[in-house]
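Sharing a structure, written as structure tokens. Questions coming.
The letters A, B, C and D name the chains in turn, as written, and every chain counts its residues from 1.
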Amino acid sequence: MRIDINCDMGESFGNYRYGADEEIVAHITSANVACGFHAGDPLVMNRTVALCVRHGVQVGAHPSYPDLLGFGRRDLAATPDEVRDYVTYQVGALAAFARAHGTRLSHVKGHGSIYNMAARDQGLARAMAEGVARADPGLLFVCLAGSAMVGAGDEVGIQVVSEVFADRAYNADGSLVSRRLPGAVIHEPAAVAGRVVQMAVHGTVRAISGEVIPVAADTVCVHGDTPGAAALAAAIRAGLVEAGVSVEPMAGRP
Amino acid sequence: MRIDINCDMGESFGNYRYGADEEIVAHITSANVACGFHAGDPLVMNRTVALCVRHGVQVGAHPSYPDLLGFGRRDLAATPDEVRDYVTYQVGALAAFARAHGTRLSHVKGHGSIYNMAARDQGLARAMAEGVARADPGLLFVCLAGSAMVGAGDEVGIQVVSEVFADRAYNADGSLVSRRLPGAVIHEPAAVAGRVVQMAVHGTVRAISGEVIPVAADTVCVHGDTPGAAALAAAIRAGLVEAGVSVEPMAGRP
Amino acid sequence: MRIDINCDMGESFGNYRYGADEEIVAHITSANVACGFHAGDPLVMNRTVALCVRHGVQVGAHPSYPDLLGFGRRDLAATPDEVRDYVTYQVGALAAFARAHGTRLSHVKGHGSIYNMAARDQGLARAMAEGVARADPGLLFVCLAGSAMVGAGDEVGIQVVSEVFADRAYNADGSLVSRRLPGAVIHEPAAVAGRVVQMAVHGTVRAISGEVIPVAADTVCVHGDTPGAAALAAAIRAGLVEAGVSVEPMAGRP
Amino acid sequence: MRIDINCDMGESFGNYRYGADEEIVAHITSANVACGFHAGDPLVMNRTVALCVRHGVQVGAHPSYPDLLGFGRRDLAATPDEVRDYVTYQVGALAAFARAHGTRLSHVKGHGSIYNMAARDQGLARAMAEGVARADPGLLFVCLAGSAMVGAGDEVGIQVVSEVFADRAYNADGSLVSRRLPGAVIHEPAAVAGRVVQMAVHGTVRAISGEVIPVAADTVCVHGDTPGAAALAAAIRAGLVEAGVSVEPMAGRP
């Protein structure tokens, strides 16, 4: 039994500071680093990759729609060609910083709306996967477990990593409960840690409707921009270790 | 005797078209492709790299200050760290499109003010060279012949390519005559072609003050955004071939 | 019988030129001037307002989603508050240039997706109308004839101007035929002019399905970014004058 | 004896929070509100103007070079025409939000490099003053006391307000000591308050070289983005009141 813990990082921009990267980096195994489209800038990217390397954390790209003003969280009617090329551009930009620090990117995980739209839309999922493969076919493609992205990665021939969310409620069909609905986010640390252990050990999660559903959990996402994020990540990690799950960097499906 | 002919390309953006890439590509051996900071966007970059590959033209990155509104032509008081990381970012982004099209970047040439400032300022020249080396130490660094950039490339340990300008007048110290002065730009095609041949064959150019000065000419820049650009490039190439100069992709100093 | 002829103008940006403003300005009575979000920049805005003033053309704001890369043509999931404040910001910015040239803005017309989305969505239409009223309640609000925007303008208490499109086909419900469908754009100048005359004189148009439907035509939009735009505008204007329709600047419903 | 206390506000952007506007607003009489070029966005501007109105604080525009990435703090070689139009654009945009909240702008104060460059360069100072006058000739023009901006405002015919800095050391010629030099910033609250009182009451300040020099102090700038900013502003205000100085909104030279 093994699982990766990933977290978004490098979301500062210019004069603006965001997140608690220096604290959270100690508790994760993979970082999704912003690439300048929703957050991040070249100096922040350089600093963030350096931080990850110092802590032995795997570096991945976190591409987004080009929407700094909306932090990449607003749906945008970009075409599949635009999505594909936006991904390639951002992955390439971050890959250069990885090289500058003597490492290589391990994975790509879409940010915000580009991730959510690709999870629902086969064409966008395919475009994302192609954007990854064109930048580097050896990269892992982090996909919402059970979503359209998984099939797209398979079609394009890149390795897929199935992602679960530590503090989000699931619908019975395996999709995430919308943040606009009550109960969408689970706040109690012990409950969060317990759910992650169940997902990692048993490959199941209790949906908001009550039934227990299967879920593939190669990596679990923790959030770095909420108060107490580092403590929550530490609690999740401790829970996993106690349950005998090895917390280690993500690797694609063989 | 050999020389490369380079030209800026891929300077369209979104809905805006710029330059005559499809015409000029037939006459050059290296393209400097905009990377999104002064011009270009992911789709334009993808299309431009594809165009270069179809024509067997070498692809290089053309990084700039982040100033789309000023087309990268305005001096900006960026720090050396900013310059370094801006270069790494842009080179990486374009490198991913090169990979997508089955090729590799050959070179990096700064655009507009970042090139001009680095030609005069040892610290910025060094920052640019480091930005290139961190992205990929195998890239050629295109430098204004005789400028501060040449020494910076040597210090950092990347291969330097000395560049001359086909249609620009030179001062006696080897610097370019400011565009604000009369006679700065040479418009007559035969005169332009003749100067390039002299630079390629003899390694000299007649300065605006009258004396003949030495100039290292590994590559010559032609401009693609002026009327008659393709015809001028063709005339230069024909003049070089007639004079027995081999027109071939740039290679760094051994 | 009277009608206004409006056209989008000032859509250049920095080093990029777009449209044929200098030619088309002679044939129109109102200009929709880009405000920097999808196109335009402060210098272009200044130049465009000056051009309009010289030609006695009314100046209006042409606000957009903040999407220079997509030229404001991509749907964006902005909230009503965002839409409202984006409109206020852009109207205010252009109003200052109007004042600089001794005139005042006459109207506001949304650009691209913000116009199309507001035509369909009551909440966004209301947000746009509020954005206009907050900047200046004396401005005319240009609305797709028969769309949700008309009611929103009425609710907010600003004067509404109903707009028709010279070269676009209509569905039987008065909406525009999607550009993705065949027949959506009418190219033959005489046919275009004839339709505009019918809309201005009879207040009707033949829908793509064949029936004649009513349409309120206070202003007709001509496009300035297509080849032959000035000639088409001139043909429309000549047709209107010949039919006894007075071509004069838009005025709101009394 | 009277003086205004001004502070930069509204420097958040999208998802990023910056400054302590809600705390500092209680202690000042004028706010310089960012207009989207170095910081701020339409929603932030709307929220900030509303905050100022609730607290009876005068609202002014805080235009900048277009450099969000550099927070407007980097020198940029913009032309006087660019500076003029950038100022008009930003003033107009904010003026619309003032109108939305039932007030009017009182003043304009340049931000960061555009202020510093205009303080030294007569041409840029003139361009700034023209940009203000073109947007609204009734606005007050906040100028570094004794700088080139003062004469430029006089030439253009707008009212000038001379500004001093509470926590900055002065050179003997009345210019500010560069932040790169030791002693440039004064941190001790009592010392800061004492200096402001001396400037307001006596119209003098002790330069870093020791001599007492004259300085016109119509308004004093306090910084809102440093820890303890609100406490410092309160201390300055209390010191002024105790010394019999009326703290009231700025007004131009009669």
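Here, a residue touches a chain if its C-beta (ideal position, glycine included) is under 8 Å from a C-beta of that chain, and two chains touch if they have at least 3 such contacts.
Just so we're clear, the structure is a prediction, and the values are computed from it rather than from any experiment.
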{"item": "Subunit C and subunit B - chains in contact with each", "value": "A, D"}
{"item": "For subunit A paired with subunit C, centre-to-centre distance based on mean C-alpha positions, whole Å", "value": "43"}
{"item": "Whole-Å gap between the CA centroids of subunit A and subunit B", "value": "39"}
{"item": "Interface hub residues of subunit D, defined as touching at least two other chains", "value": "69-70"}
{"item": "Chain-level touch network, classified as line, ring, star, complete or other", "value": "complete"}
{"item": "Touching residues on subunit C, where the partner in the complex is subunit D", "value": "36, 42-43, 45-46, 81-82, 85-86, 88-97, 99-100, 134-136"}
{"item": "Complex contacts: residues of subunit A adjacent to subunit C", "value": "66-67, 69-70, 74-78, 113"}
{"item": "List of subunit C residues in touch with subunit B within their complex", "value": "13-16, 18, 39, 41, 68-71, 73"}
